[in-house]
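Take this structure first; my questions come after.
Labels run A, B and C following the written order; every chain starts at residue 1.
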Amino acid sequence: MSEILSKSKASLRWRLGPLWSLASLLMLVYLVTLANSFMGESLQVQLQFALVNLIIVVALQMFIGTTGVLSFGHIAFVAVGAWTVGLLTIEPDLKRSLLSDMFPFLFDVQAPWLVAVFIGGLVGGLLALIVSPFLMRLNGLQAGIATFALLGVVTQVLTYWSSIGPRSGQSMVGIPDVLNLQTTMFFALGAIVIAWLFQRTRPARLLRAAREDGIAAAASGINVVSQRIIAFTISGIVAGVAGGLFALTNRVLQAQQLGIELTFITLAMLVLGGMLSLSGAVIGALVFSVIDVGLVQLQAGVDIGSFVVSIPQGVRPIILGLILVGFLIFRPSGLTRGREIVWPFRPQRQALPGVPPENE
Amino acid sequence: MPTHEIGLQVENLCVSYQGVPAVRGVDLEVKAGEAIGLIGPNGAGKSSTLLGIMGATARTGTVRINGIDVAGLPPEKVVRQGVALVPEGRHIFSELSVLNNLKLGLVGRREKTGIPEAFAEVFTLFPILEEFQGRKAGLLSGGQQQQLAIARSLMANPDIILLDEPSLGLSPTAVDTVFEALDVVRKAGKAVLIVEQRAEFTIAFSDKTFVLHDGLITLTLGPSDANNVDVLTEAYFG
Amino acid sequence: MNQFIQSLVDAISGGAILGLAALSIGLVFGVIRLANFAQGEIITAAAYTLIFTWQLGWFISIPLSIVVAVALSLLMEFTVFSRMRTATPATLLIASFGLSFLLQRVYEMLFTNTVQTAPVGSALAQSIDVGGVRIQMLSVVTIILAGSLLYGLTLFLAKSSLGLQLQAAAADFQTARLIGISASRVIGLSFALSGVLAAAVAFVSTVQTGAVGPSFGVPIVILALVGAVIGGIDKLSGALAGGFLVGFATSMLASWLPQDFSNFRDAYVFGLVILVLLFRPSGLLIRGRGVART
């Protein structure tokens, strides 16, 4: 009798475990947002940016976490998505006067902001789809360099090709203020759900197998490149959506903002949280953002009792950089060690290095 | 400087890889002028034993080189205690010349004297190396590369030589050349430990042969057991 | 025709410098599989040294910049990379990325974002007349400098014991240790040599631009890294060739691209990089489709 009971408990854990990890992530994001909505205006804006970054990190994790292949180029999809939304939401007259060198049809093209965001996602995904048959054959360092080169190409094109945007040195301004914190949060929640669903699909499973042993996977008939293309494209869509949200949050766009520095920050968040799990992506993004916000406050000066504690201007990025490098040295598997948030009432099976316990 | 007993002493050597044990408590001893064989089926832990002795992989247990405990020393320091390893697959530096490969062997040499003599000895043992000394090592045949690998380790003038499957992939003639040289080395007073898959040959050659099975020594054989099929079968499959 | 020769000389010089930079990355990669993105910050440090000490005379300033570059290089190894021996090349790249970011912010804090200037090597910033063609003296000096450094390095690697040990360690690190080659010595050596090359690159670049800011080395290291990988970062000759190719192409494009397209020069170079990686992922100099050691 007790054996049947413990078996059904185990199967309950087996079924509910992954749902629990999803639910707890959603709850985490919701609570953070809730707590924040009681704080000042400037903090709310920072949180909005943080949520956008979270979506980017989730997109990154969807690809890097499943395939084990490094991508330094995801910000290219963010940039393309941002550009799309910018072009679709700025008033035609404004476009005519400020972005005068553009293709004429771009002046009149308009879309409601929500639609624009999804189109931005599709454009990001499209770019990913186009380049992936080529890039997805590469591994390790070569993949990192090639995706980095992709980012380089996109950044250069967006900076200098005045037919699709502002002249170099100028920014795209006039993006409407229609996005509030709550809506951004819903997008973030949506991205987490999509990533969670993707984890459970066949392509993701095949990719995780290939990640552990590429030769065995190929010998089993898995076409790794095709599966990678799927993962890359989907994560490109999510990254594109994040880009659109970035545009709506920042309301001013310059190609420079969406380049190496953002690549570094999002990678740092992912490393901090743990590359191999979705929980890692979410937790890493949240923790990093909280630390960052804390540092911003310290920079402005914080009252503790009768003292004002503050840190000098340039120290904040140094501290963030130290955190990234520190984690890479001492805890490369991140805060979560590549595991998902688990059903809390049973002891966790020891995870093998690099292999998250399969919850399916 | 107190004279230590020349030789290798291994006590309760254990090697694991990520929790999976490969060597589970091996004791052996090789004295100067002795050749000891270590045979066993694939996966028995033979290479791991050698790597453990050299400090190239994490291990527990005691390893004494010439009486000195080498616990915690990295391979490059273990070498300087007087032991050399000829690795499985030879691992010569194929882009460098034969001569340069030999010169690299000098890096682990304890004394800075006697170098011309070392070259002379090695060229006497393996004349083909003298002939090909300017050639890129990668262009040598398998047997010649094995000779080079052994010669390289001899350049360091070690007291103890460990060999990991020296006959692997070699033609019978080449094997003969190699083992003739090893016999000279043994008679010169060095301690030789040979890991091999070719049971008969090794048993006949060595003064004593241990059979390693699943990480433990299960049998000790002498040269007279070389033709005893039953003993061999039991050693490998028992 | 004259213009072509001028641009050719400039391109060879540009290729030489980037080749040296790529070589400095390849030297370290060969031994510990680290593609050091922070190499740019070593170049920047050497450049800042030149700027700040030039008035003491070139015979102080230049050696000092070499010392700074080597010291910073060894410091990086000692504090960060020596603790990451078991990391994958991709992880090491990210770590070097983080280190690069970190150091740039440190430079910002120390020297502000404003570029620092000094007339470093102003004697070289003139053109000379060679058979009716005006050639930049700096280009000629660069080619000679690069050539000499390469020659010296080749000699060192081939003839000296340490050089041989470095080659051995780069070819087969585990075996090298098993025959007694000291890992730390060889790794330290590779970082030190890498620093020397970085100082040379810094010198030429500083003379060229006369101004140094916190992200001085970044565009150089990006192209150098990319060049090293497409040339085949595994082998020193590959890294050198790849770096040279990228430098050469960049310079030629800069000279010959019509006005409208010149802004996209970097985009073309990156596009070229992707193309090369597609057809030869292990690098241009590796025969066939070799298996990349990454």
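Going forward, contacts are C-beta pairs under 8 Å (C-beta built on N, C-alpha and C of every residue); 3 or more make two chains touch, one makes a residue touch a chain.
No experiment lies behind these values; they were computed from the predicted model shown.
Undergrad: Suppose chain centres are the mean of their C-alpha atoms. Which chain sits farthest from subunit B?
TA: Between subunit B and the rest, the longest centre separation is with A.
Undergrad: Per-chain Cα mean versus the mean over all protein Cα atoms: which chain has them closest together?
TA: The chain sitting closest to the overall C-alpha centre is C.
Undergrad: State the pair of chains with the top count of C-beta pairs in contact.
TA: A-C
Undergrad: Taking each chain's centre as the mean position of its Cα atoms, how many Å separate subunit A from subunit B?
TA: 53
Undergrad: Indicate the whole-number Å distance between the mean C-alpha point of subunit B and the mean C-alpha point of subunit C.
TA: From the centre of subunit B to the centre of subunit C is 42 Å.
Undergrad: Can you work out the whole-Å distance between the CA centroids of subunit A and subunit C?
TA: Each chain's C-alpha centroid was found; their separation is 32 Å.
Undergrad: Subunit C: which residues touch two or more other chains?
TA: Not one residue in subunit C touches at least two other chains.
Undergrad: Of all residues in subunit C, which touch subunit A in the complex?
TA: 35, 80, 83-84, 87-91, 93-95, 97-99, 101-102, 105-106, 108-109, 218, 222, 225-226, 229-230, 233, 263-264, 266-267, 270-271, 273-274, 277-278, 281, 292, 294
Undergrad: Would you pull the subunit B residues touching subunit C in the complex into a rising list?
TA: 54, 56, 74-76, 79-80, 84-85, 87, 91, 93-96, 100, 103-109, 152-153, 156
Undergrad: Spell out the residues on subunit A that touch subunit C in their complex, using ranges where they run on.
TA: Answer in residue numbers: 70, 134-135, 137-146, 148-150, 152-153, 156-157, 159-161, 168, 260-261, 264, 267-268, 271, 312-315, 317-318, 321-322, 324-325, 328-330, 332.
Undergrad: Touching residues of subunit C toward subunit B in the complex: what are they?
TA: Interface residues on subunit C, with respect to subunit B: 161, 164-165, 167-168, 171-172, 174-183.
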